[in-house]
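In what comes next, chain A is part of two complexes: it sits with chain B in the first one and with chain C in the second one.
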Partner chain A sequence: MTVFRLLLVSAVCLCLAGIIRRYARRLSGSALPRQDRSRGRTPWQITHILLHLPVTLITDVLLLRRTLRTSPYRWVMHALTLSGFTGLLLFHALDDVVSRPFIAGYESTLDPWQWLRNLLGGLVVAGCLMALVRRLRTRGLRPATRLQDWLFMGMVAGIVLSGFALEATKIISPNVFNRMTDTYFVPESDADIPALQAFWSARNGVRFSPPAGTDAELIARGAELHADNCSYCHADTSSAFLSRALATAISPAADALNAAQTDAFFWFLHVGLALAGLALLPYGKFLHPVATPLNLVLRNRRHDAATIPDTATAARLGFEACTRCGECSLHCSVAPHFAAMGNPNILPSEKLVSLRKHAAGALDTSAINALAEGSRICTECMRCTDICPSGINLQDLWLSSKQALRQQALDGPNTTIRQCTATQWAEVLRTQGASRFEQVRGNGLADRAESFWGCVQCTTCTSVCPVVAVSEAPAKDLDLTPQQIMNLLRMGLKDQTLAARMVWSCTTCYKCQEHCPQNIQVADILFELRQIATERLRERDLTACPLPGPSAPARAPMDNALPHPAPKGSSGDPA
Partner chain B sequence: MKYAYFPGCKIAHHLPDYGTSVRSLCTALGITLVPLEFSCCGWPVRHENAVASVFSAVRNFAVAARAGLSIVTPCKCCFGNLKYAQARMASDAGLAAEVGNLLGREGLPLPDRVEVLHLLNVLDRDIGADRLRERTVRPLHGLKVACHYGCHALRPGNVTEFDDPLAPTVFERILTAVGATTVEWDLRLECCGNPLRGRDDTISDALMRKKRENARAAGADVLATGCTYCQMQFAAPSGEEKTHPAPDAILFTQLLEAALGLAPAPCAMPDGTTEAR
Partner chain C sequence: MKRYETVYDVMVIGAGFAGMAATLFAAERGLSVAQAGATGGIDFSTGFLDLMAVHPVAEGRYWDSPWDAVDAVIRDVPGHPYARLGKECIRTALDDFTTFLASQKLEYLGHADRNTPVFSPAGTVKRTFRVPRTAWKGTEALRDKAPTIIVDFHGLKGFSGPQIVEMQKQQWPDLKTARLAFPGSIGELYPEHMAWTLSAPERCAELAKAVAEHARNVEYIGFPAVLGLNDPVRTVSLLEELTGRHVFEIPTLPPSITGPRLRATFDRGLAPRGVCTFSQKMVLNARRADDGLFSFQIGAAGDVRTVRARNAILASGRFFGKGLLAHRDGVIEPIFNIPVTQPSSRTQWHTERFFARQGNALNLSGIEVDDRQRPLGTNGAVLHDNLFAAGAILAHHDWMRMKCGAGIAIATAYHAVRSMIDSGSKG
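After this line comes the complex of A and B, so read on.
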């Protein structure tokens, strides 16, 4: 037992240290810039939350209201696992603390406890099976499933299954029987032990080697001895219905299993897994049994994007409360964009993982760019926030993180392109050559002569363009006019047009296209030029101009890791 | 009259009033809006990635087709991009194959053409000006409205099939039916500037300011919008606007609600009342 104590204390220490480390870690302000915006009202808001605490605890924490609202299947799955595991934790793992002191006559091998333990274990196994089926069968969940998801599921199931295996191998084990009789049983005659063995073998499934007697009289004598000596502490093993069934199933191999002392192995496995689970509690989704209820209480049954209380601590609690159930990603409005573009950061559950790493300063340049792309593509539809079973205010997190990326000029090609002049970009993009996108999808409007060879340079597109109209000096402000762009394309100088302010400040009103007497798809071509430039930047992970910009300080190529102030209006504003 | 309701992404968080107003108006007029779990229309990503944009739109057609419904949306950018995706699918075989492949991975069939309508089309076609006039309990007499059309529904006209792209009338037809006076103004069909919001705020502001000034010069009391993005643009706080009072932008559904007696007037009325009831 001293080994057990030592391991237990180590696991508890690791767990506490991990939790302190996780919450004490300062978030880099560049990932989630936020100040406490409601400092004055916070005490009243907290009182409000405390007043609602009993209701929130019952509906959201115990009855999993939010989970039921999102997915009844997940509710059944989670309710089975939660009720089973909590029951086992309180009455079985903590029996010295809870069961023994508070329940008179408690003995783990007496009914109803023995039966209940099997029932609760069965609930957990059923819940884990449902979770496994859900992960394997739900198509959209595969990209939102990581090692930690399998590990957590495996850990919960492993603890309970090893418990069943331990109980089953103990049931069949003559060693365990002998240990008990040596300690607690004083035989009055030499025939007592064989009689008790016969009874335990026939009734409770112990597999002796050589087999115990099967004589009815012997068993009847054993029954008397059992009633006088054992039954105070031992219900029939048949009430441990799952373990006993398992014992029956493995009994053909009983001799080998008993000889190998398999029950000792399963004891170490069961205790080892449980302690490992405890030590892993501060990491990833292992923390959710602690963090999620806290966040649910703080969210006070809200589903909107309001942050009450609006403090950094509240935001932090939500940040850590993800159970990685993946429901947000299954229902995400831009999940199709993920399917087409393949960047997992488009999915909310995966973006949250990246954002957490980014806040800890653990992302490299290309991972930050991927996070920035995922953040930019989010349409702020609030669906993830509405359905999150953990009640995380994702909308608020996304709005904050988008703002942070914007401040670092990491909000996409539109910002990147404006950091150098069109001429400089033309040089960079020309040297790079066509992106894979152009080569594979290629032959789009901008590359196909038929799309603009009807252009007679009549300037209608330029004269109807509202962007040209609000520019005082279009040649300077916009680099090129729409009709000049068509002319450059006609001359095969596509690279020269890719970064023109006219292309990037096109307001997509389609007047040019509607009014073109030659039916040239001017606006569609401008869309395509932006897409082409975006792909070229994406291909090279460019989030800043590799050449020194006109007003931006000179910096080394590819030096994207540091936040830069956005050089607003670097290519000239129409004043 | 039963439609798959496509509110678009922005209403839930950025413009919930529009959602409330659209639902209340449709309920009153007997238009059933069926909520389906749609994805993004594909408009915001169209600057970056054509496949993602078209696939996202087409996935919505598959969802609507499964329910056997036409799509109605109150957002002109959603409307425009959904129509654009249909046009691209019909004209670009390579893209259509790629999209079909992505749909197949989700176990969805490539749908037949699904009808996509803007709410104005539905009111015009299914309800009609006459019935709107009959239902009006508090006509907007004397209210001078500048109808702001919204580019993405109008153009390109051969793709959107919304109305005559050079001389549309549907917006005025609906608002005059409930008693409003619509004004003639030069920039009626111009852009509100929202597509450049956050991309080029200088030009975005300039476009909005110019439109507002033109509507005011034409004598408009309010500027009516029928698009989530346009309304967000006009409602966006801008230092310039405070010093230059210009007509407020009002969602057309809120004007109709006021006229039909479903809600208080969203703006000051010419007769001095601010409430319809």
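After this line comes the complex of A and C, so read on.
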């Protein structure tokens, strides 16, 4: 018991320390700058939430209404795990504070409790199995699955499976039998113990060494002794249907297992895992059993992006409430971009993780750039917000974080490239040379002479271009027109074209390509140029023009003006 | 996809004048037509339909009567494509073609038996057979040497009022010019954008207001051809109403909006006739099965699909349309590998002066066909009985100098479709 107390106290301390550390960091590190939309707590909003509290608790928290919207499979999976684990937590783990005080005659080894425990454990194991199958079989979910997801799943399953193993090894253990008889049984004759052994062996699966007698008379005598002495506290182990089945399965190796005191090992494993879960509670997915229900109550059954009282707290809760189920990423409308680009920050569930780290100031420059890129690709289509089973107001988070990243001058290459003239960028990009992307891919359309062989500079591409059309003065607004870009490329002056605002303003409507009398892939080439420039900027983490802007007076010499790549983390601290 | 599974009655290879005409004539006769090709020749057209105007080219002799010119050319150049057609065929083909255009709001005018003098973008005068309605009043002004102003715009390349006036001032003292700012623009201008802009009546009103002070003493106002895209007659009428003067268009240097207008007309008109257009897809190669069924690979490397058809009309043009490829050692026809009539050696392709009036021998090269427009093989025999050819790819004409490009394209396409139907096209 003292060992248990020691472990329990340690786990509780670790848990508390984790919570304190987390909130201390929040307060000092300051979360992302938020948009000031003058949203304060209003009494009416609070009253509104309180009025709806009972309904929300039943539908969203207990009946998992939002989870059912994602898929019946997930609902069954989560309902099994939630009901099983909650039941075990209340009536088994906390039996000293819940079961014993409130249920007369409670004994963990009596029915229905013994039977119920196996049932609840069975539900959890079934739920975990379904979760495992889902993680492995759902296409698109693998990239949204991290170590913490496997850890959490393993922890829940591990606690319950080790419990079954503990119960099974106790069932077969003569040591446990002896400990009980030594403590609670006063034999009247020398024949009593063998008789009781014979009964427990035959009826309840204890494996003695040497084996207990199998004589019917002896067992009958044991049954009488059992009825008089043990049955007040012990139902048949057969009611622990799963553990007993496991005990039967392992009984051929019973002697070895008993000799090795496996039951003691499983006790440590079971208790250790449960306490480790408690200690990990403040971290990542482990907090969701606390944070998600709170968030669901605050969200008040809404699916839109409407804001809720005290936005800062609500947003923080949103961070914590993520169960990492991955549904947002499965429903994300720009998920195909992830397939093409491989930046996990495109997926909402992964972006949320980065955002949480960023808020804690734990991202380096490249990681922040990757986060900014993922944020920009988001189209704010609301699908993630609508589907989130935890009811997180993701839309609100994305809007704030996008703006915050923009304020940190992380508005993407389209903004960066417009900070200098095309000619200035041509210098910078030429000095930098081909990016790894270009080297790996080899010659693209823009590099191949045959792409332009047919070009007669007829201006058809420019004449049909809607971007040129909306420009009052194309030379001033766009630097170059499509046919001029084709001409420069033909002369091998690719660097001169990379930052032309025509390239960056192209809507890829493909009119130029559709009209080109020589079938030149004009739109594809413009898009390729933009990609090449993006890769070159990305490779050097260039989020601002290293030269003075077009309006600035004199331009510093190239060598002095080019910055050395910023050391990791130096510019990573959020504003 | 269904459009790739259908076996078409005919595959038209090419989307220039000849390809469009062949597609139109075949579709109007109830055939299922697939058409592939880049937006070649037609986009570079002035919009005028030439029939026959210059012969012999070495003398640069202009003919007032295109029909007399046709007679003369047939007499002097027996291999000329017109020699196989007959005037009735040519006349019907052109009438059918312009009737279709008129039904799509692109009306053409002209005389039955003579050519009409028109302005070229350079200010010279050439003779042509059919003129778009929006350019017609220019021919009247030119004929009467009436008081006229040519308007051009700051920022528009390829059209110069002063140049036109310079070319004409000897014989036309009442011709003058003015350069204006185009409504809503301060930089360089492109015809299609200007045409879109002037599709809006408010912009036309701005333009009319700007023109008014320069047009007090004139009867005609000539503009570069940017007056609207899909319904230019409406824009021209509106400007006439606003200015109280006769208004006409002069094509700009290619690509002039007159070309895209023609192509847009076909885009609009052919689809309702059930034509399946594989726009901007080139025919890469053709295979012919023993039973005569053609399989065409169309698209570009990496995106190639197969289309099948019972007949084919090759209207792929010459060099610009890639119907003929000029290699170091000679000219080839890349799809069917049809023998190309051409100068015997590369040194004879061009004369020493590239712009010499008599033209270059290379520009007479092309493929040979029989009386029914079927290409001939090396031995002079018909290559395939279900393959026909039309347009510029045919040998023995220099359409640019003879001013017979549209006529050859439309009339030979007509003849090819008729021959195909006579030989039992539906298979």
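Just so we're on the same page, the second predicted complex is superposed on the first by the 445 of 575 C-alpha atoms of A that agree within 3 Å, B and C clash if a C-alpha of one lies under 4 Å from a C-alpha of the other, contacts with A are read in each partner's own complex, and residues count from 1 in each chain.
Throughout what follows, a residue touches a chain if its C-beta (ideal position, glycine included) is under 8 Å from a C-beta of that chain, and two chains touch if they have at least 3 such contacts.
Treat the numbers as computed from the prediction; the structure is a model and nothing was measured.
In the superposition on chain A, A:303 makes contact with neither chain B nor chain C. Of the two partner chains placed by superposition, only chain C is touched by A:459; chain B is not. Of the two partner chains placed by the overlay, chain B and chain C both lie in contact with A:513.
In the superposition on chain A, A:357 makes contact with neither chain B nor chain C. Of the two partners chain B and chain C, more chain A residues are in touch with B.
In the superposition on chain A, contact of A:100 is made with neither chain B nor chain C.
Within the superposed three-chain model, A:474 lies in touch with chain C and out of touch with chain B [touch as defined at top]. Once both structures are placed on chain A, chain A residues 469, 471, 513-514 are touched by chain B and, in the other complex, by chain C. On the chain A side of its complex with chain C, the touching residues are 456, 458-460, 462-464, 468-469, 471-477, 481, 513-519.
Residues 139-140, 305, 331-337, 339-341, 377, 379-383, 386, 395, 411-414, 441, 466-467, 469-471, 501, 504-505, 507-511, 513-514, 521, 523, 527-528, 530-531, 534-535, 569, 573-574 of chain A are the ones that touch chain B when the two sit in their complex.
Remark: chain C residues 38-41, 43-44, 184-188, 190-193, 196, 254-255, 260, 279-280, 282, 300, 320 touch chain A in the complex. For chain B in complex with chain A, the residues that touch the partner chain are 9-10, 12-14, 37-40, 42, 44-52, 55-56, 59, 94-95, 102, 105-107, 151-152, 154-157, 165-166, 189-191, 193, 195-196, 198-200, 202-204, 206-207, 210.
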